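Paired with subunit B in one complex and with subunit C in the other, subunit A is shared by the two complexes that follow.
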Partner chain A sequence: MKDHYDIAIIGTGPAGMAAATVASAHGADVLIVDEQPEVGGQIYRGITRQSIKDRTILGDDYYKGQNLAGAFAASNVDHVSGATVWQVSPEREIGISKDGAAHLLTADQVIIATGAQERPFPIPGWTLPGVMTAGSAQILLKSSGITFSNAVFVGTGPLLYLIAYQYLKAGVPIRAILDTTPKSNRLKALPHLPGALSHLGSIMKGWKWIKALKSSGTLFIEGIDDLKITGKNSTEAIEYLVQNKWHRIETSNVFLHQGVVPNVNLAMASGCVYHWNEQKLCWHASTDEWGSSNVPGISIAGDGGGIGGAIAAEYQGRITAYQALYTTNKIKKQERDINVLPTRHALAHEMRIRPFLDAMFRPAVQFRIPTDDATMVCRCEEVTAGKIRASVSLGCAGPNQLKSFTRCGMGPCQGRFCSLSVSELIAEARNISVNELEQLRLRPPVKPLMLAELANLSTFASEDT
Partner chain B sequence: MSTSKQTADAIIVGGGLHGCATALYLAMRGINCAVLEKDYVGRHASGVNAGGVRRLGRALPELPLADTALSIWRNIEDLVDDDCGFESLGQIKVAENDAELSALKNRAKTVQDIGFSHEEIIDQKQLRELLPAVASHCIGGLYVNGDGHANPYRTVTAFKRKAISMGVRIFEQTPVNEIVRHGTNWLVKSPSVKIEAPIIVNCAGAWGGSIAAQLGDYAPVEAQALMLMITARMPRFVKPVVGSQGRALSFKQFDNGTVMMGGAYQGRAEPEQNNTHLSFNGLAKNACAATAMFPIMRHATIVRSWAGIEGVMPDNIPVIGAGSANGVYHAFGFSAHGFALGPLVGKIITDLIDGGDIELPIDAFRIRRFSQNKDT
Partner chain C sequence: MHEIEMNPSPKVSIKFDGQTLQANEGETVAAALLRQTHLAFRTTAVTGTSRGPFCMMGICFDCLVEIDGVPNKQACMTYVENGMRVKRQLGAGDTGVFLSDEEDTQ
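Here is the complex of A and B:
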């Protein structure tokens, strides 16, 4: 690691890898940092290692990541893996922890490509041992081939069906699939279908997964109106409401998923402005056509700015990289524009399926905003929905005041896993839109930082003071 | 937007602890008042400070106030129906070498000479009894039994709620655009409301200088961003609030196990944007001090850092008292150590307004001290 780079990129998913490859090919001095030991991000996790021999299990889309990872491996960038980025300041000072030591360095341009995370799924019992997100189950599958027999898959969205399908392909028995997609979504998605038809292949693929799951004999229940996971010390059963009747399935593993949302904490803490997107029910970065944020020199690429998927992320990574190259005088404007134009067309094409997917898999309100006051919302500080509603009735107006009222969002995750639920819950209780709420103020360190590491920084800092 | 017009006996600008406490005491005397707060109550220094309630190490002019304030804190629940998280587990300033210890001895003597006996020198053995986790090289300290800390946001919220229950009108999200004379009244204009009253109290913290200017007074208040950081929960290993004679450090562990560290290192304040920026070089020095004094802290995990916007005066003591024009009172610029004084200052301002006797010496805090300096 040097003290200064032309371009620093946070995240080695598709957006980060694409950006780094483009930037270094044009002579920029590039740093790329990621928490994981290997490149790929969540979507292409383990792509350079491939612990699963049978390629049909993860499917062709996953192996598209090989080209990207190959080009990245051949490029000349400083790749710092297994490291935590805990701050990007508005002056583009980057705080990194690696192997127990903290470092501060700077860059002329920073591309934040922190990707997506799964939407919280706060239902009764969701914090019991044995419950995990479907994405976590997929991480275990991709990175080490670990699977759980007789799990119940619960929720909505393409990723849920994909992971269940991957389980099916791997020959792991699935206890049941409980589909929470509201039936009314189909009608609302219909107007968006013509735009999505250019992605007929993708739609057919998803349909194939669902069809395969249904015809495999796996219990596949649709029209779920309510859910609770029960158990004494760990998961023992999941109960679900269909057509006003409760049913019960005994299981020790439940995989929850209701879509992905941008992982916003690092960019928000840098001062990047986000706005509430009512179609996607999450925060979207307020960036320009180059991915540039309101903070000079900081841009956002990929799902961390707004969900577009892996292919779109790759395109956005390229576009932001060309802009960063232009801004740092590595290329001329014409070169930037000529190189970016085909990518823009491809990106526009890629995004055409999104309105359909957003409408089709819009998660139901009762699974985003807990109806049962006893349901946990903030896991770190154990704050329930009821406690949040009570705070609102005492005059708590938004998520920042809620921290002071209840410590909600003040634990080790710093609101990463609860802030969406909290914002929607407070907005509902106050009968206003989420956009009218003050956003959660995020502060570095964005990820927990050992005091000893921070203290060691001071021995360097004191030399120049 | 249409603005409603209202009247009151007194208008308070600033919904921090001092503003809310003043409102509460005024209301208890039957004086009808309104508080105008540009953000929400406790948004800035009052709600996000370190919560220290101390006499230890205070500037000498503040000592009589801090001593009296403590008696209010001891009965805070009687006043606002909430204990405000006040815990009185003592405060200690630690000495790491002989030079530091002798400086502390001098301080203790100075305090005794003006008639206070609360600061006591402790030796290494007593120090280790009070702070079992302190580093072995620390040789003693200055200890104040009875000092402690409270929960800042909870405190300011309790004052707000109690004031409202006594009939105080609190207008949040209500910035003051302009203050003008209207007959013998002060007319305060905001986007949503116009209020006039014969009395106006400036409790605007870091923004107190510009309010003072509109009231005909001068005070060079500077907005500073004092940084704090907090750890994930740890087993409880320290009870008193700890400071250091040789390092800039304030250190305390809450009953939930989290440890807060702060002390003099500044980020950058942007009062116009309600924003602060952090400097990790400063926080690193803070971390260095904490790990040197408490080796157990090397393994602590920082989960959050922040900075409130503090109003700091050039002489590091606040402005408290009447302004030059009729009906004007000031209480701001507490220079990052006003939290403990807040409840008492509300009472002092109320006494001044209500024509009561002020037994405590507050002349050192007069706003005229700056314009006098400016003239000469």
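Here is the complex of A and C:
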């Protein structure tokens, strides 16, 4: 690690790897940092050391990540793995923690490529051990070949069907799939179908997964109106309401999923502006066509800015890298434009399916805003929906005031698993739109940091002398 | 747990609350414990209820355990090492009762 780089990239998922490969190929001095020991992000997790013998389990789309990882491995970049970036200041001072030591360095251009996370799924019992995200089921499969027999998969969206299909391919028995996709979504998605037809292959693939799951004899229930997970110290059962009747399935493992949303904490804490996207029901980075944010020198690429998927993230990584190269005088404007043009077309094509997916798998309101007041919203500080509603009735105007009322959002996850629910819940209680509400203010360090690490910062010491 | 055919991986052994278990080199502490169907990793600081891994990608902080005497370690972000001593974390971890190895194995 040096004190200064031309371009620093946070995250080694598809956006980060693509950006680093392009940037270094044009002579930039590039740093890339990631929390994991290996590249790939979550989508291509374990791609460089995949040890599952049967390649059909994870499928071709996963192994496509090998090309990206291969090109990245051949490029000349400083790759700092197993390290946490806890701040990017508006002056592009980057705080990194690795092996218990903190470092500060600077860069002319910073590309934030922090990817996606699961949307919160606040239902009764979602904090019980044994309840995990569908994404975590996939992480366990990709990174360690670990699966759970007789798990129940719950929710909506392509990733849910994909992981269930991967379980099916691997021969892992599934107890049930509880599909929460509102039936009314089909009609609302219909107007977006023509645009999505340019991705007929993807649509057919998704249809194939669902068809295979249904014809496998796995219990596949649609039209779920309400859910609760029960158990004393661990998951014992899931109960679901369908056509006004409650049913119960005993299980130790429940995998929840209702889409992914941008992992915004680092970029927001850097001062990057995000706005509420009502179609996607999450925050969306207010960036230009180059991925540049309102903060000079900081750009956002991939799902961390807005959900587009792995392929779109790769394209966005390339586009932001060319812009960063141009801004740091590594390439001329013409070279930037010529290189970016085909990628822009490919990106536009890739994004054409999103409005259809957003409408088709829009999560139902009762699974975003808990109706039962006893439901936990803030997992860290254990703040229930009822406590939040009570705070609003006492005059609490938004998520920042709610911290003083309840400590909601002040735990170690720093709002990652509550802020969307909180914003929607307060907006509903106040009868206003989320856009009219102030955003949860995020500040560095965006991940917990030991005081000793800060105290030993070498940069501070050298400034003193 | 359903076994999927994998290329063989070197094994390491770790201790979880005094009990020895085998893990694959290169996997996280959370994965190693989940492989043995341990689902509850800690109790919460506020109400003392049980929690276990939720996100497996380092953002939910529900898999916090004590590793080699250091509390509040993310099990899903820490990779197994031979001889590692992992303990369930009770409450906030900083003021919790830490069992010695002798007490541990009882």
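The criterion applied here is as follows: the second predicted complex is superposed on the first by the 458 of 465 C-alpha atoms of A that agree within 3 Å, B and C clash if a C-alpha of one lies under 4 Å from a C-alpha of the other, contacts with A are read in each partner's own complex, and residues count from 1 in each chain.
In this text, a residue touches a chain if its C-beta (ideal position, glycine included) is under 8 Å from a C-beta of that chain, and two chains touch if they have at least 3 such contacts.
What you see is a predicted model; the values in this text were computed from it and never measured.
When the shared chain is aligned, subunit B comes close enough to touch A:93, but subunit C does not. Counting the residues of subunit A that each partner touches, subunit B and subunit C differ, and the larger count belongs to C. After overlaying the two complexes on the shared chain, residue contacts for A:404 are found with subunit B alone; subunit C is out of touch. Touch criterion met: A:412 reaches subunit B and subunit C at once.
In the superposed pair of complexes, A:133 makes contact with subunit C only, with no contact to subunit B.
By the touch criterion stated above, A:457 is placed in contact with subunit B alone, subunit C being left untouched. After overlaying the two complexes on the shared chain, residue contacts for A:35 are found with subunit C alone; subunit B is out of touch. Of the two partner chains placed around the shared chain by superposition, neither subunit B nor subunit C is touched by A:294. Contacts of A:148 after superposition: subunit C is touched, whereas subunit B is not reached. Contact with both subunit B and subunit C is seen for A:448 once the two complexes are overlaid on the shared chain. Within subunit A, the residues touching subunit B in one complex and subunit C in the other are 411-412, 448. Against subunit B, in their complex, subunit A makes its touches with residues 87, 89-90, 93, 95, 102, 104, 394-395, 397, 401, 404-405, 407, 410-412, 414, 443-445, 448-452, 454-459, 461-462, 465. Put simply, subunit C touches subunit A in their complex at residues 1-2, 4-7, 9, 24, 26-28, 31, 34-35, 37, 39-41, 44, 46-47, 49-62, 64, 72, 77, 79.
Subunit B makes touch with subunit A in their complex at residues 40, 42, 47, 153-154, 157, 161, 231-232, 256, 277-278, 280-281, 283-285, 287-288, 290-291, 297-306. Those residues of subunit A whose C-beta lies close enough to touch subunit C in the complex are 35, 37, 42, 49, 51-54, 57, 117-118, 127-133, 135-136, 139-141, 143-149, 170-173, 233-235, 252-253, 263, 379-382, 411-413, 416-417, 447-448.
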